[in-house]
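For reference, the structure I am asking about is given below.
Each chain gets a letter, A, B, C and D, in the order it is written, and its residues are counted from 1.
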Amino acid sequence: MTMEKQRTPKNIFVQGAISPEKIAKSIANHQSKTDIGGHSIFLGQVRKDQKDNGTVVAIEYTAYEEMALQKAFEIREAIFAKYPLNCMHIYHSLGRVDAGQICLFVFTSSKHRRAAMDACDELVERIKAELPVWGKELLDSEEHVWKVNQ
Amino acid sequence: MKNKIRIRTFGMIAEEIGQSKLTLDQIATTENLKDYLFAQFPKLQSMKFSIAVNQKLVQGDEQIPEGAEVALLPPFSGG
Amino acid sequence: MTMEKQRTPKNIFVQGAISPEKIAKSIANHQSKTDIGGHSIFLGQVRKDQKDNGTVVAIEYTAYEEMALQKAFEIREAIFAKYPLNCMHIYHSLGRVDAGQICLFVFTSSKHRRAAMDACDELVERIKAELPVWGKELLDSEEHVWKVNQ
Amino acid sequence: MKNKIRIRTFGMIAEEIGQSKLTLDQIATTENLKDYLFAQFPKLQSMKFSIAVNQKLVQGDEQIPEGAEVALLPPFSGG
């Protein structure tokens, strides 16, 4: 009988924007993993879009956290099963993220680049489609609109 | 709580209902729940949302177990 | 007659490994570009591969620099013409990069994620196939082998 | 330099030839150059490489302009 590492849901949510320093630290943490040949990273950034009633100045994120963490865990397991990955990290903001700041950080690593790139793509699509998370776009007019994903 | 269900609301549904948590007397199915909500909050009829029972999305009409947590989920817009 | 910004070849080469701090700085530089919604990043990392005559401890990169910069410029222009991108950055190491360190940093940004992701993919493939750059894998036995791209 | 061509070598070709820069008397075409190199450095015959004339990869046999820079390029392995 082989002993497999049992993975459990882990927190993906961070309060507020994701800093470039956090991303740098996450990258640096992989320097000891010398079987990795390629990392693929996706970053979502809040856009200053023009809306009918004003300009977006920030997005305020809320989530159904328990369900989102369970779903993120299921997605994570499915992607690990599908691609030969060394590592996978997902971070999503909750609360206010100003325009120009980063609200999503997806990071995959593999021996050969293709797996990391394909897994990162699929993760981003699934996160946007399947995680119960909502963005409220705050406008400079003090009004707001609910974000709609494409 | 027996004979009660806990309702959680999010996003624009929470905004419309004005509360993010409600407790209701037991309702048998998700379609019955929708009828109840549409009567109480008519604007919900024109809003798109899914229902999760105990954190699982339901397809069509499903039984609501006693004491369940039922969530009203407008279209996701994370990322 | 419209005035278009004339782009010219720019240096993509950095001496030695690319630091996580450089990557963080590059990300942070985009916070003022509030029409960007997604960034895609690829990082190449040197693997500690086992070879017949020893273990890879580092790769020493050389390039036909003048030709590589001209080719990188052509690739850059072609990718800008093909995808609606806000930004594109390419950095490749020259000289010695130890196992676990980063030797390639490709960074694309766009309003909607798909363009950044597809452009990043295509850039990485073209860089590996078309830039006159060579990696000499240095082994712990003091021998070396010439890197072969898949 | 008229009537001369400058040769640049890289990677395992530079290693085999032992020099990264050579100056040769003018040679008319890239096939003529290959013949010359194969005579001088027989091991090159079993090595894969492309030729760039004035930083452009050549396809098949091409004329070498006077004073050209001709580069011998083993398979690229960047990234």
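The definition used in the following text is that a contact is a pair of C-beta atoms (placed from the backbone, for glycine too) under 8 Å apart; a residue touches a chain by one contact, two chains touch by 3 or more.
Small disclaimer: the values here were computed from a predicted structure and weren't measured.
Under the contact definition, chain C and chain D share no contacting chain. Annotation: 49 Å between the Cα-based centres of chain B and chain C.
The geometric centre of chain A is 27 Å away from that of chain B, both derived from CA atoms. Centre to centre, using the average C-alpha position, chain A and chain C are separated by 23 Å.
The multi-chain contact residues of chain A, meaning those touching 2 or more other chains, are 44, 124. If you check each pair of chains against the touch rule, the ones that pass are A-B, A-C, C-D. By the touch criterion stated above, chain C contacts chain D in their complex at residues 44, 61-64, 66-67, 70, 92, 103-104, 124, 127-136, 146-149. Residues of chain C touching chain A in their complex: 20-21, 23-25, 27-28, 30-48, 99-102, 109, 111-113, 117, 120-121, 124, 150.
Only residues 8, 10-12, 52, 55, 71, 73-79 of chain D touch chain C when the two sit together in their complex.
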